[in-house]
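Below are two complexes that have subunit A in common, paired first with subunit B and then with subunit C.
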Partner chain A sequence: MRRSDAIANPLDRGIAIAGWVAMLFLLFPVLFTTVVSFGAGELIEFPPSGWSLRWYAHIGEIHRVGAAVLYSLLIASCAGVIATLLAVGIALCLVRLPLPGKALVGAFITSPVAVPIVALGIALIQFFIWLGISFTWYSLLIGHLVLVIAYPVRTLVASLALSNPSLEEAAASLGARPLIAFFTVTLPQMKPGLISGFLFAFLISFDNYPISIFLVRGALTVLPIEVFNYISQNFDPTPAAFSTLYTILLSLIIVWAERRWSIISLSVASEGGPGGKRSDR
Partner chain B sequence: MVTEAVAMPRQRPGQRLAIACLLGPAAVLLIAFYAIPFIRMLAESLLPASGTAGGLGISFEHYERLASSGRVRRALARTLRISGWVTLWTLLISFPLALYLVRAGRTIRTAFLIALFVSLASSLIVRNYGWLVTLADAGPVNQLLIALGVLKAPLRMVYSEGATIVALVHYAIPFMTLPIFAALLRIPPSLSDSAASLGATPWRVIRDVIWPLSMPGVFGGVVLTFALSMSAFVTPLMLGSPATAMISQVAAEQFLVQLAFPFGSAIVIALVVITFVIVVAFTLIVRKVFRAQV
Partner chain C sequence: MASVQIDDLHLKLGSNPVLNGVSLELADGECVALLGPSGCGKTTTLRAVAGFVHADRGQVRFDGRAVDALPPYRRKVGLVFQDYALFPHMTVAENVGYGLRMRSRPRAEIAVAVSEALARVELAGFESRLPTQLSGGQRQRVALARAIVIQPDVLLLDEPLGALDRKLRDGMQVELKRLQRELGITTLIVTHDQEEALSLSNRVAVMFAGQIAAIDTPAALYRRPPRADVMAFLGRANFVAARIGSQGWRAGIDTPLGTRLYAQPADPARAPAPGDAAQLAIRPEHVQVRSAEPDTARGEFSAKVGDLIYRGALAEVLLHAQPPGPGSSPITLSADLPADGLTMGRGDTVAVRLPDEHCLIFQENVA
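Entry: the complex of A and B
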């Protein structure tokens, strides 16, 4: 815009400095964890006395890490896929169909994100004990499903609201059956919402501790619980190696999804505001 | 039915079937495993303790115990205090960050947005662990403060209320920055330009034009940050101590340690109600003061 003004103006310079300081604050713990994960010492030390990759190999020593990874992947994948499929139906009803009490229905469906997660875990474990299905993998899946369903609903409502209904009407007027029009016209337009909704549902389930801590016992275990326990009992850099690996994988996925489907612009567009959708608030 | 037909002239029988098929499975899931468990929890919190038979079978004794329990009262006060500080600091850090994002060039903006998004999607345990090592006795913050001569010996920073606040601010920054950024993007640049051409200083443009117009985003971010802090559980568990327990931890320990289900339920219900009341009061204040449509 007005580059010369931006340089001359001390306020703009102050904003730039504040922005960079905020970004440094956001990145510093991540970068620091990465550095100490390559340390050779038995304990976390800075600066490291030597460099080694052995803590990466040591990730395998986290208690029951194999079972925990498998259960976490199973629960997060199922929760992500089922939540996204259910959300397609919900979003179509909320955006395209004449549904009575739309705002209320939307508020109810997205309200699990607003209640304290611990409250959800507590309510569910009491209910599952009463039903006699507590501490099973499917009761854990149900708990995660309730928690994550709001995220794909939000992203799908946003991408439907941004899409163009007249394209479907055009397809219909050219003789396409409703189902054909849905799969060839509507669904492709929902793709960014599908991808980022699934991604968020998967990641939130994969990382969840407060619900799982109530719903998990005995042989059933998930990754956040085992990593949390390891952190509270050990002081070696293994969790740092785990964190670094997690962050690198996550960054690759996000950059790839942003390049391919611009998921970030979609989520910025879906933030509420005078012009934004309100039914998902 | 008649009024419905008038209000919804386009609802055909086929559409009614479509709504039932599309919404049905999710409705069954959420009613069975979300609404009913919460109603049962509410009922549990109103259950009389064994031995004292109430006339209707309803009693508020768990809520009375809540008000008289020193530990619950202290945890609640601490949770409110922490949430207030976290909201304030997160806003102070995120608003300039969002302003910078709007003005920055394409490359920096994309890089910053990806960093914010990765942070948002990242594991909470991983992020808290980062602060655990950063604020450790021999960690970089202590080393820097000693090198600068501010401290003589390492200060114990982890397992405290302060460490909990720092980690929660770190957690909340993307939740605050992204809605503010979205709101700032909607402000037409011509407004700032015309204010400037009428003689407003850059500071006045921000204070009198940009800040009021960014209110929908600020409001969304503030409410989200406050609610996240009120219900924080993992962060105080990792960076605090039993002496700095927040209200979610006290509720959880009633279930996991004390096995006092009705009392734990009462704490959880109280937390939900208090958070809700504060958010509604805040909404009314913002509407009145800023005349913003939020």
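Entry: the complex of A and C
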């Protein structure tokens, strides 16, 4: 209803057109990569002179791709889970506790988003060398945690702010101890924030190159680094095939999560009342 | 069920006093409405009974047992929130059964109790709906069922009808009254809506600035409010400033309109002394108006009709009376007259009478 109203207004129509143009602009590299990945030639060419699926079969040729995928999955899963669990506590403190300097704490936790990632990487590697745990699995995990924690904190703060605090009081008046009230009432309200927070954290970690490049040496490796190494030595469409697969997989996960939990509406939902729009689905 | 004693509650938030010695007793099975303007501390009082607020001083007792040290989840309190606070991820049956699950009752017993409670609020068959699939009135009923199913010592209702529209509100009012009577449950209602307070409760406590200003049955409080501010808050009222004569109030009070009134002090314990300034108060429905020349022997005075405000069965007529004597400003009174057959119009001169038996004398001024 609101959408059709918006289209009727010439100014809004202009904004809508600008939005579509911007979206096409953003989508172009993805489309370009996808087209290139189906090319038959030995080198990247656009438009391709012939069509083939052979570069998809060639993905396995990327150096240490199996180990890199495993490591990346492991790091991203651990960073995602740990960051989300930590974020639950942080979000509860930020939203529910009468903490002095709350805004400052919130800004500090979400600051890795604003700091240039290269600067963050340099800081982390110096810190880990000082600690004596540089180039280990732990330092890589901690580095990724620092990088990703801002995302679950933000989504959980949003879902907590949307949930009705009197729900917990209602639970208490019905005889629920605080911990039980938290698990039966508060946590289910945070579910969209938990899911989307974890997904963001997982994907940011899985995708990350600039932090990992500082923290990875020797046997320790992650997928973006191996893909980049491959690109720097070869100019065939294998990375394009890889990227296309990755994009499709990612889109499927996000669409599925959105269908299941409306995670995107979390960031735009305005109805603060109990239930909001979520449970309509 | 239990009686509830609220004893001298004091609470300051920062330097701001919220409760200034609130004392209130609810007999077993009684329904008391706590009525007051927003910010008067009525919700804080309710939250203190529920255990969410801890008073700096004073006590809350259920059946004589102090409950101040008990957290909310150990008090047997049924609480209905203004926004209902239904758990959005649970069905109606899960919502209503929550309190029983917390008490680890057997499944079968919970199922029976839930369907009984839902039947009581006329929502049988809604067990598997989600709160978002219910109308406002239905949500309210679920919240009520959820609160009463645990058989609480006391039922607390926070603005129970505040979120409903007019028509639903009237229906729920009847429903709530029936439930309260059938269950015989001690109930404290917090509301800023005087109609809600008057219609639902056995007694109404009017609260101002963190204190109970007056408490009585709805009829008594409306007809003989002990304080001028209570009279002004509860319904509408006309106030006319006057001065007690040297013979005292029993000898009659000369009004500024040249008539003499034989009225009673609202609070017999605080009768005005001769020479005191006083306020004569009368409800608009008791002001008598007729289209005729005023008969001073009957205590009538003359007034000009101002605006007429149509209110359905009644019309509110604003009357402007000019006190005799130079430089005196006109006095405006409001009269509720039956709208049917009302012939007077704006600008007419009419005869007005304030019947003695409906006038009250207050000593204090009303802002």
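The rule is short, and it goes like this: the second predicted complex is superposed on the first by the 245 of 281 C-alpha atoms of A that agree within 3 Å, B and C clash if a C-alpha of one lies under 4 Å from a C-alpha of the other, contacts with A are read in each partner's own complex, and residues count from 1 in each chain.
One rule holds for everything that comes next: a residue touches a chain if its C-beta (ideal position, glycine included) is under 8 Å from a C-beta of that chain, and two chains touch if they have at least 3 such contacts.
This is a predicted model, so every value here is computed, not measured.
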Once the shared chain is lined up, is A:E61 touching subunit B (first), subunit C (second), both, or neither of them? neither
Quick check for you: in the superposed arrangement, does A:V185 touch first (subunit B), second (subunit C), both or neither? second
Between subunit B (first) and subunit C (second), which does A:F28 come into contact with in this model arrangement: first, second, both, or neither? first
Per the contact definition in the header, classify A:I142: touching subunit B only (first), subunit C only (second), both, or neither. first
Partner with the higher number of touched subunit A residues, subunit C or subunit B: B
After lining up the shared chain so the two structures overlap, which partner does A:I109 touch, if you call subunit B first and subunit C second: first, second, both or neither? first
Could you give the residue numbers on subunit A that contact subunit B in one complex and subunit C in the other? 273-276
What residues on subunit B touch subunit A, complex-wise? 4, 7-8, 10-11, 15, 18-19, 21-23, 25-26, 29-30, 33-38, 40-41, 44, 93-94, 96-97, 99-101, 103-104, 112-119, 121-127, 129-134, 136, 138-140, 143, 170, 173, 177-179, 181-183, 185-186, 189, 202-203, 206, 216-217, 220, 227, 230-231, 233-234, 238, 248, 251-252, 255-256, 261, 264-265, 268, 271-272, 275, 293
Listed in rising order, subunit C residues that touch subunit A in their complex are 50-52, 71-75, 77-79, 81, 83-89, 98-99, 102-103, 130-132, 146-147, 150
Could you please specify the touching residues of subunit A with respect to subunit B in the complex? 1, 6, 9, 11-12, 14-16, 18-20, 22-23, 25-30, 32-33, 36, 44-46, 86-90, 92-93, 97-100, 105, 108-109, 112, 114-127, 130, 142-143, 145-146, 149, 199-200, 203, 206-207, 209-210, 213-214, 224, 227-228, 231-232, 239-240, 242-243, 246-247, 250-251, 254-255, 258, 263-264, 267-269, 271-276
Which subunit A residues qualify as touching subunit C in the complex? 164, 166-167, 169-178, 180-181, 184-185, 188-189, 191, 273-276, 278-280
